[in-house]
Amino acid sequence: MLEFKNISKEFGPVKALSNINFRVEKGEIVGLVGENGAGKSTLMKIIFGAYKADSGTILIDGRQTRFASPRDAMANGIGMVFQEQSLIGNLSIMENIFLGREHEFRKFGLLDFQKMESAAQHQLSKVGLKVDAKLQTFDLSFAQRQLVELAKVLTLEERTSRDLVILLDEPTSVLSEDEVALLFNLVNSLRSRAAFIFVSHRLDEVISISDRVYVLKDGEMVDEVSAQDADPAKIQSKMVGREIESGYYKQDEREPYNKEQTILSLENVSKENSFDAISFELHKSEVVCLVGTEGSGREAVLRCIFGMSNPDQGRITYFQNDKIKIGSPFEAVNNGVGYMPRERKIEGIFSSMNIAENITSSQMEKYSRYGFLNLTSEQDLARDWIERLSIKTPSISTDCGRLSGGNQQKVVLAKWRSSGAQLMMLDHPTRGLDIGAKQDVYSMIREMSASGIGLIVVPDTFEEAIGLAHTIFVMKDGACVKRFAPDRERVTPFDLVAAMT
Amino acid sequence: MPIIVLAVLVVFFTFLNPNFFSMRNFARIAIAASPFLMVTIGVTFIIIMGSIDLSMEGTVSLTAIVFCFCFLFFGGTLGSGGWVAIPLALLAGAIYGALNGFIHAKLLIPSFMSSLAMGFVGIGAAVLLTGGGIVRIDDDIFRSLLTYRIQGFPLMVYVAILFLIFGIIIQKFTVLGRNLYAIGGAEDLAAASGVPVLRTRILAFSLAGFYYSLAGVLQVAKLGQAESVTGANLMFLSITAAVVGGVALWGAIGGVFNALIGVLIVAVINNGMVVIGLPDYLQDGVLGILVIVAVILSTNRSNIRFVK
Amino acid sequence: MKQNFQNLLKSNFNWVTLFALVLFVGFVDPNFWRPSSMLILLGDIVPLFIMALGLTFAIYIGGIDLSAQSMANMITVIASVYLASLGMWIVPACILTGAVLGACSGIVTTRFLVPSFISTLAIGMVCYSIAQWLSGNRALYMNAEKRDALFGWMLSSTGIIPNTIFVGAGVFIFVLLIERKFVLGRRLKAVGSAELAAAASGIKVARVKVLAFALSGGLAALAGVIFSIKLSGGAPSIANGFLLPAIVAVLVGGTPLTGGVGGVVNTLVGTMIVAVIRASMLYLEVDATHQQMVFGLILITAIVFTIDRSKLTIVK
Amino acid sequence: MSTFIKDFIEREKLSRRNFMFASAAGITSAAVVGPLGINPALAGSHGGWSMAWSYRDRASAYWNAIVSGGEAYVESLGMASSDMVNLINEGSSEKSLADIKAFLAKNGGKGAIACDANDSPNARPVVEAVREAGGYISTIWNKTDDLHPWDIGDNYVAHLSWSGEKPSADAARLLFDEMGGKGGVVHIGGIPANIPAIERLDGLKAALKDYPDVELLDVQSADWDTTKAAEVMSSLLTRYGDEIKGVHCANDNMAYGVIEALKAEGITDMPITAFDGNPEAVDLVMKGDLLATVFTNPHWGGGIALALAHQAAIGAFKPSEESNAHREFYGPSILVTPKDAAEFKATYLDSTPKYDWNDRWGLSAGQIQYK
């Protein structure tokens, strides 16, 4: 019913898409996979009418059409569920659901809120979400927001006679395993109402839910397979263009950690309404993963350790030294504690600064004398790390805003490693990275642990946790409910989910 | 919270000079506040959207003069068709605002700069029209806006209240108002949800221009004259008032009602300082300090991570 | 090649605009091209330039400093009053005063989360009051001998070059060093481009911001001192008309209000653009009643050409 | 009691005589003009000197009148009024100085300039700049007391000012008499640091000495601004209520605001005096809304200031040979009261008198006195 023929799109010299053929049948769920920069987002933007294709045709039920704007695409039954918090926090659920279409609730030019509310409730019922439509959206959990997103898109049913096609862009990236399961059931149950285009990095998920999978690489459609005879390994190699070696998480490089030297110990650390009585120890070269649902308090713990917020009770001891007291990031950094925040774009990277400037941002004292920067040594440092982590950048003076997510992440890691942090905290380090970049991150984690650094990781997936960690702590409602030791026992995602729920 | 600040101020001034707490004085404050309120409401819409508008001084002067000229052209009295001048002036304001918004949104110039420049243009046009002279309006019927009182308050105050309510309605119950908050909250998402950002922005600036022209007309009603400096000193004062009232400069927080409170706070301070006999060389400083205090007290800083 | 050239052009649009203006004005009246008139133009713009440099730092970290003008006003008064007693020390004294008051706005902004738009405006009002009080609301004039003895050199010129230009150049080089070579400059950039990231890298954001406003205040004060020396006097309102041109200079130069981009070099260009536009009124013989309007229109055009909008995703 | 009435009458005479004096000065000069309106020697020639007027802005009738004078002079030379360059400083001393320098640079120093330096300290650098460039300048209103044309040399031709004090005192007396010699009065002042603002307040204070029963309740500055004046006035009403029996304003624009503020309270009989003698103000005087305003003949001032600079430039006279009384002098000021408003309007506003710009000091009201 919706078909794209020979779609091409160029940005200046860059060929983003060339001769893409793509089709979706009624009630079908189509997967779209590909590394970052493969052209997924460009293709989606074209489907959704945010971009116009340079060449090629769009057919709906065989008739040729063109989308001038997202509005236009919506009118043709195409909706999109955006990745992460794409709801406006300070607006209520119903306002978000009907954003841009309030005029449908005009009575004598004024808005009829009762009408809007009931309509919103109706939409929410479609996705089985039982919340008050008047709630502000930042009071919702990530999973709930996702559902509101979906409900919002489903309003298209009432708006257009056309059959719906719904794009799901990385819908699971902010969801924990169990929430993902719920979402998938929902999507399946909605087949009758709409066809779905499911875009994700998580191959396993894509395969498990889709009927067909399109594989995109460097702007070209390199493969199209039906889900039943889809082989993850093959698809991955197609995506990456090379064979993915076994030991994806570099388990084989996991070395035993040093049980004698603790570099961090928490004793009954609590913080009002985010977590309480957390106690654990982190040893030299140990990798500790904190797993749990959103809001289970993992980020809060990291921020406390890093001094961004101060615990109400309990004590944190750094490097077995009672003298070290950390009440601010400044002190943390000076004592060799590093932190890689989740929101890379706003908390991790300085987009308008180049690589060298980013790397030295946490250690300027080292690269300056009497307040004067030593620019040459800074440059050398940058070159060194660009080489060591094979950071892909046009030039050394390129603003990091122009780098790909993976390379940005590498820059942040370079910052902490070069500053000689002995305790590293990584919050979703592989969030939104493609397979290649993920592997690089994993190997960097290995190297760090090998070099004696202790790491606390909040992983993206259970597999990641199991593959990376020496020790896993499962957190639930702000409490540490269970401890696993994947380096000694066999742990499955199921065990973790069981512990969480 | 801002309301408490206002209350405290009133009590404070009354304590120092009981005359302050009198119907007549409130009427005086109201008169001073009426045009000022219109401007502040106008700019509030823009601030909600996360932008800023610095064109008010030019727009007010220009529209005030346009109003006077039209008024005189159509006979110089309300009776003899001078009333036509009112819609004309308001229209002029709306158009000028739209132009301002167009330059900002269409040419992609940050509103701070575009509106600043448009302010210069407005004042310039005002000078051009008047040649620097003063245009007086002596029509008693029109001036009754100032001279005729109901319940101790002149008509113009009620006009201001009327358009205050109008503003609240726009903010709360119209698509435009809704979209302002959406854009202020997260413009890219609003756009992705099919909010016509460009149109909304231009509309918002046009609305602001409309309110500025109202201020222009009220200024004439208040002073019986218009000149190229009729709008002077309104720029920083109105934005300050909005923030004091609890409108956040980073957008999407606060609204028309906050503008009202802010305007009252500033107007009360200005009036009060004279009423309690503060030497005039101290007045600016005191105003400054009170503004800081008021803002500190009236902004809810619980969910602000940083402020610029 | 072509690509590179376009990029080059894009990143230097402010220069292009400047030269276009200069060429145009000079084309209408060749007198404008005379080195002497150019230099005079530059010499006169120095106080404004220095104030703009200060503002650059405030804007660079994503804030704004509206107190600069009142600051300069107050300083002209202080300088006139205390020149006799303090002599040469008046300069550091004034700069210090400015820096301290600037820091105050910074503290109000960072500690109490009052937007700098408001905090600086308010501090400015305070400065104005101090000026009025200190001057007894009179226009003051300096002790002439002292002024000529200490600062006479500044008013004369070497060859055809007004000495104020050297002063301006000196200050410019100094702030350029701060921006490019000092740790502080780097921290300012970090805070300007991503405040939270800066915090996460252990930068004391609050302190950096306070310093930025202190710098802004100090330079505004310096501008005030130079101005009052030039006028050999001071008054609580004498520096009026500095603020908006200064802000315009920074913005037209290409330092966006979003912070983190641009810098003092842009401000140099921006100030010259403003100077040229202002002078053009005279050289193009714009009718008196048209001048302000024309100024606004030229300004809009200049902005359209100057600012590099390729980087801006959302324009607020 | 009787004594009071006696010296009341005395003063009445006095002030009237003063008034006749002043106006006489003005009118005679107007009469003088006739044939020698234009000096044939100068006709059509500006002697290679460009002329400019540097002033605050076009936003007030006062400055327009000043400019009209300057243009009248330029026309008297057989040139187009547009040949006079307008240097508008928008209240920025910095711009005023920059513009003047640019103007001189443009004309290679051959510039004759009349200028209000906008803020008195600004006068020195301005005249110094002019001297350096070899141009000629005469200033009005704002200059510091330590700066004198004769110290600078021929290039600083003259400084023209209007004794704010005496006329303002006359106005005040008129006001107090209207108030019946007793009760409270408030003063609405201009930008406090401006010389005129200071002098006009001093005038009021001087007059107060003769009126023991009149009390100066309050002095508030309204920065020459109509709107602010209205707000200040209404606030003062709250503070003093009926105690206020009269208002003394430092200029017309603020008086407009005061009148409106009072009108809003239904007060229409409050005696108010103002300064500048703008057309609107004179109309108000005729209507009785305004008790009096002081006319400083800006048209003549604007013309003569430029004339002096230009004539010195072309060598029509040598400043250094003139007495100090000719280098620093007061312009005429006429108290406009309801009695003579109509006559005044006819002479000065409806038809601008033609002045003989070669009669350089014809309307001078004497050398400037410093305290």
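All chains are identified by letter, namely A, B, C and D, in their written order; residue positions are counted from 1 within each chain.
We take it that a contact is a pair of C-beta atoms (placed from the backbone, for glycine too) under 8 Å apart; a residue touches a chain by one contact, two chains touch by 3 or more.
Quick caveat, the model's predicted, so the values are computed rather than measured.
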{"item": "Interchain contact steps from subunit B to subunit D (minimum; 1 if touching)", "value": "1"}
{"item": "Chains contacting each of subunit A and subunit D, listed by label", "value": "B, C"}
{"item": "Higher-contact pair (C-beta pairs counted), B-C versus A-B", "value": "B-C"}
{"item": "Chain whose average C-alpha position is farthest from subunit B's own", "value": "A"}
{"item": "Chain centre separation in whole Å, for subunit C relative to subunit B (CA means)", "value": "29"}
{"item": "Subunit A and subunit C: spacing of chain centres that average the CA atoms, whole Å", "value": "43"}
{"item": "Distance between chain centroids, defined by C-alpha means - subunit C, subunit D (Å)", "value": "35"}
{"item": "Multi-partner residues of subunit B (each touching 2 or more other chains)", "value": "127, 131-132, 281"}
{"item": "Multi-chain contact residues (two or more partners), subunit C", "value": "132, 137, 196, 289, 291-292"}
{"item": "Residues of subunit D engaged with two or more neighbouring chains", "value": "58, 192, 221"}
{"item": "Which chain pairs touch, all of them", "value": "A-B, A-C, B-C, B-D, C-D"}
{"item": "Touching residues (chain side subunit A, partner subunit B) in the complex", "value": "50, 69-71, 74, 80, 82, 86-91, 95-96, 99-103, 106, 109-111, 152"}
{"item": "Of all residues in subunit B, those that touch subunit C in their complex", "value": "50-52, 103-105, 107-114, 116-125, 127-128, 131-132, 187-188, 236, 239-240, 243-244, 249-251, 281-289, 291-292, 295-296, 299, 301, 304-308"}
{"item": "Complex interface listing, subunit D residues touching subunit B", "value": "57-61, 63-64, 192, 218-221, 225-228, 230-232, 234-239, 241, 256-257, 260, 263-266, 278, 280"}
{"item": "Residues of subunit C that touch subunit D when the two form their complex", "value": "29, 31-32, 34, 36-37, 40-41, 44-45, 47-48, 76, 80, 132, 135, 137-141, 144, 155, 227-228, 230-242, 275, 278-279, 282-283, 285, 287-289, 291-292"}
{"item": "Interfacial residue positions of subunit C with respect to subunit B in the complex", "value": "61-63, 66, 108-109, 112-119, 121-126, 128-130, 132-133, 137, 195-196, 205, 244, 247-248, 251-252, 256-257, 259, 289-297, 299-300, 303-304, 307, 309, 312-316"}
